[in-house]
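Multiple structures are listed underneath, in structure tokens.
Next come two complexes, and both contain chain A; in the first it sits with chain B, in the second with chain C.
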Partner chain A sequence: MTSSFYIAWHYVIFNRVRSVTLVACITLIAFLPFALQLLLAESQQLLQSRATSTPLLLGARGSALDLVMNSLYFDDEVPERISMLAADEIADTGLGYAIPLYVRFLARNYPIVATSIDYFDFRGLAIADGRMFTLLGESVIGADVAEDYGLAPGDSIVSSPETLFDLAGIYPLKMTITGVLERSHTPDDRAVFVDLKTAWVIEGLGHGHEDLGKTNDSSVILKRTEDKVIANAKLLQYTQITTDNIDSFHFHGDASVYPVTAVLAVPHDAKSATLLRGRYLDNTQYHIVRPTEVIEGLLESIFRIKTVIDSVIAIVGLATVLAIILVFALSVRLRQRELSTIFKLGCSRMTAVKLIAAEIAFIVLASSVISTGLLAIIGANAETLVRMLIFR
Partner chain B sequence: MIDIEALEFHYPQGEFSLSIPHMVVAQGEKVAVIGPSGSGKTTLLNLIAGISKPHQGKVAVADQTVSSLSDAKRRDFRITRIGFVFQDFELLDYLNVLDNILHPYRITHALNLNSEVPQRAIALADELGIGDKLKRFSAELSQGEKQRAAICRALLPQPQLILADEPTGNLDPRNKGRILDLLFENVASSNATLLAVTHDHELLPRFDRVIDFLDFRNEAVA
Partner chain C sequence: MNPGSRVLNIALLLLVSFIAGSAERLTVYTVNYPLAYFAQRIGGEHINVVFPVPAGVDPAFWQPDVRDITAFQQADLVLLNGARYAKWIERASLPRRRLVDTSAAFRDAYINVSETVAHQHGPGGVHSHAGTAFTTWLDFSQAIEQARAIKLALEKMLPQYSDVFTRNFSSLERELGSLDQRIMAIVSQDRDKVFVASHPVYQYLTRRYNINLETVMWEPEVVPDQAQWQSMQQLLRSHKAKWMIWEGEPHDQSVKRLNASGINSLVFDPGANAPEKGDFISLMNRNIMELEKAYRE
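Let's look at the complex of A and B:
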């Protein structure tokens, strides 16, 4: 049998284009279903673990999936905004506590998650380096953000403008990084955390500018009365909050109606949870959802799709296997002269079968090694891949 | 060494038939077989080697009736006792020259590929003037070099009988004499028998005997 492998190896190497094509075909057929299975299992695990640890989520009536994906995985599909009043209402029920979330803006393509300090206790997030944000304009970043951009406490990160040419739109705000979170292997690793008020500054609901009472530039002033000074667009607005200008930052209007995208509702117990859900059953403005139910629905859809994909892969796989059998059958016909030679030299039919079997073994072995290697790479990086491909 | 009696052979399709009433070749004899194209010279070599089986009659080599052996025994007999130089060389394009020469050892257990065999193969290839071509593939060789590789493969197992189908057909005159000398030297040194099909009448005086296929035809008709 050793000689059969020796001869077969030379045949495989000599006909390398044919061999590589066959190896590629078999590798793909072997690799794709398993890779898909690995990624789906990983995404299922990621989705479920995050959803399971989040009891209830309140948001504007609409897509429950958008609400969950935005609030739990910081997906860039922003649900309709609700006001801070919603969080206060939950707190007022006495059935649990509320954690407001405002996930809308980006900084260097990472989501800016505006929330309260309670969020970090709720998720069990700890600071690995530096300290928690305490002042307006300060931020804490996830481990991946810090690693990807080499950021550390003391550095700064700038929010991305939503529309570059909209003068009335969102302006970039340079935020000081005060801390880096410990890696949690959750979407929190890939987020920039700020206080809600900082997000509202990014949105333009709060701002800081030079003191109009002290400015010497008369061209900035549109109108001056006894109790009010109205400035034009020439007025210098601060794009970074520092200890020198922080006092100039102020908000207009009632902060209780400022926007958030969702409220994490953390009931005291199961009974409180049921009561809390009951309160919002008929609410026309808000709905309260259990993320696990939403994610289970999503997973059911994914697995229905997977069943279809599996069937397609099975059909394609069968077609490929048949094509490979045809290739080998045709190659045996094409090799009639060579087979005739080895028979003339004294080779038995069994030895000829062994030679062809050894060739097939090399092709299958090479495919198996490559498939296994690729699957090992996919397995080792499944979480990263799922985050890249699914939770972008 | 070769004893043929009342041999009858024909291919399933076609009108060709071969009929040899009697033919004997003695041990150590060097015999040339001549005859017009299509007269059955190559078929005769195939029948003696056991590659084809006669429909009637007996083909015996070294007192062994080849035609009555089972397929497996006939293969083993051929590979151990007979060296065959094929007219179209029958070299495998995916093996280099050395591997082609050693190929019979790798496809059967009847020959033992020990460490001494490759050394002998290299020495023999040197003698045949292809020592520097051993790592080349057959597609990279000239016709003459291919022929020498085929002769080397046939001689390596030191067979008792060498069947050669146009062994010098693709060689230039200078190499023709040299290769035939080597072939005869090998045959003489091992007291082997040589049966060579040839169209080259200049070579005939070098053989002990010449068999003309036209004689068989005439004998069969008579």
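Let's look at the complex of A and C:
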């Protein structure tokens, strides 16, 4: 038997190209369904764990999936904005409390999640280093953001303009990092958290600038009346909020109608949740969704696609197996002279079968080893891959 | 049981009851003294009221540092005055879930002020009173509503003490109601009496009690300059006031010069910060007695 393996090994090595092709085919057919299964299981776990820990989400009428993906996984598809009044309305019902979310801007390609500090209690997020943000212009970053850019409390992070040519719109705001969150293995690890008011400053609803009443530069004054001073576009707005200029920051208009992308509603109990959902059934402006239902719908779609992919893989697999059988059948025909030499040397027909079986064993073994290795890599990086493929 | 183990048992019992008691005590932070007083009166021993603004500082213009804001963030309940009181709140991150806007019930009754002159007094820094008038509690009917909001918030957090809170609130409501009735009665003696106030903090007082009052921008501890005297004279031509209401003890020179012009002085301390002597009710009683002087004339 050892001699059969010896000869088979040398045959496999001698016919490298054919062997590698066969190994690649078998590896792919064995690896693909298992890898797909691994990734789907991971995405299911990630999506569901986040969704089940979020009771209700209120947003503008429209795509429930966009609302959930943006609010829970900080996806960059921004749902239509609603006003802060929506959060106040939920709080006023007395059926639970509301955590507003404004997930629209980016800083170094990470989402800026503007919210109230209640969010951290709700998600059970703790500060690993530094402290919680306390003032306008301060931020707390997730563990991955800190790790990827080597950021620590005391450093700064700058918000990104939404478009390159948005000269009259959103100015980048340099935000001081006051803390780094403990790793939670959730999308919170990959976010930059700020107070809602900081996001509104980024948006331009609030700003800080030199006191117009005291300025010596008359070129920035457009019009001056007894009780009003109007500045022109030359007036320099602060792009960083510091202890020296924070008092100059102010908001225009009624803050209760400032925008948010969603409101996370946390009802007191199941009955309150039902009542709360009932209140928004016929609302034409908002809809309230249970993230678990939305995610279950998404997963159903994914699994339907997976069933199709499984069928395709099964057909391709069958075709590959048939092709491999054909390859071996043809190779036996091509090796007629070689086999007749073996028979002339006094070997039995069984020895020839053993030789071919040993060759197949080598190829299948190599494929198994490579598939297992690849699956181990996929398994170890499933979370990262799912985040890359599904969330961002 | 020997005396030693009895003492030990009693000590353990006290320790356990102390721990149990302190575990249930809510930490309530407030932005001004009236709210701290109302909360303490209603919550009694079941809450720990913290009013962190140092003495002598106007809480409306106080600038807390990071440590102060962190303490507010960790409180079980944060009582806000509403009416855009305490400007620092607009720039700080506070837990929405634990915030109680005590004047939300009468939000529609806020008074807008257009005065825009920036000025400085005390350690609070330069500030202006433009925007919304915020000394809401000087209308005692509004003060009752603010106290009621505190009671409701406490009941929600500690429903087991609801009876205590209701009892304590009723007692406070009676006292505030009595202050309200006293001022009503005093003012009704002479509806034509006119006043000048040193600072724009009496908007709700004048509206509720129908007091005819005009405001200048004087500081009690600072002697007015010539321009301020001139504008006062100009004001007095159309507004024949015989009394000036000060928010704090005025400077002797100011009082003398006003007296020379036939204007008397009285102090009506809004009580935004804790008084040196007594409490909110005794301070308001003193204020009412001062006001009474003008009507006894």
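Rule of thumb we're sticking to: the second predicted complex is superposed on the first by the 392 of 392 C-alpha atoms of A that agree within 3 Å, B and C clash if a C-alpha of one lies under 4 Å from a C-alpha of the other, contacts with A are read in each partner's own complex, and residues count from 1 in each chain.
The rule we apply is simple: a residue touches a chain if its C-beta (ideal position, glycine included) is under 8 Å from a C-beta of that chain, and two chains touch if they have at least 3 such contacts.
Small disclaimer: the values here were computed from a predicted structure and weren't measured.
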| item | value |
| --- | --- |
| Contacts of A:T341 with chain B and chain C, given as first, second, both or neither | first |
| Comparison of chain B and chain C by chain A residues contacted | C |
| Chain B versus chain C as contact partner of A:F251, first or second or both or neither | second |
| Touched partner set for A:L136, first chain B, second chain C, both or neither | second |
| Contacts of A:A98 with chain B and chain C, given as first, second, both or neither | second |
| Touching partner for A:Q45 - first (chain B), second (chain C), both, neither | neither |
| Chain B versus chain C as contact partner of A:N109, first or second or both or neither | neither |
| Which of chain B and chain C A:T351 touches, first, second, both or neither | first |
| A:H10 touches, of chain B and chain C: first, second, both or neither? | first |
| First (chain B), second (chain C), both or neither touched by A:T274 | neither |
| Chain B partner contacts - residues on chain A that touch it in the complex | 3, 6-7, 10-11, 13-15, 338, 341-348, 351, 355 |
| Residues on chain C engaged by chain A in the complex (per definition of touch) | 63, 66, 69-70, 73, 90-98, 114, 116, 118, 125 |
| Residues of chain A defined as touching chain C within the complex | 87, 91, 97-100, 116-118, 121, 131-136, 138, 195, 197, 213, 227, 246-247, 249-251 |
| Residues of chain B defined as touching chain A within the complex | 49, 51, 71-72, 75-76, 78-79, 84, 86, 90-95, 99, 103-108, 110, 113, 137 |
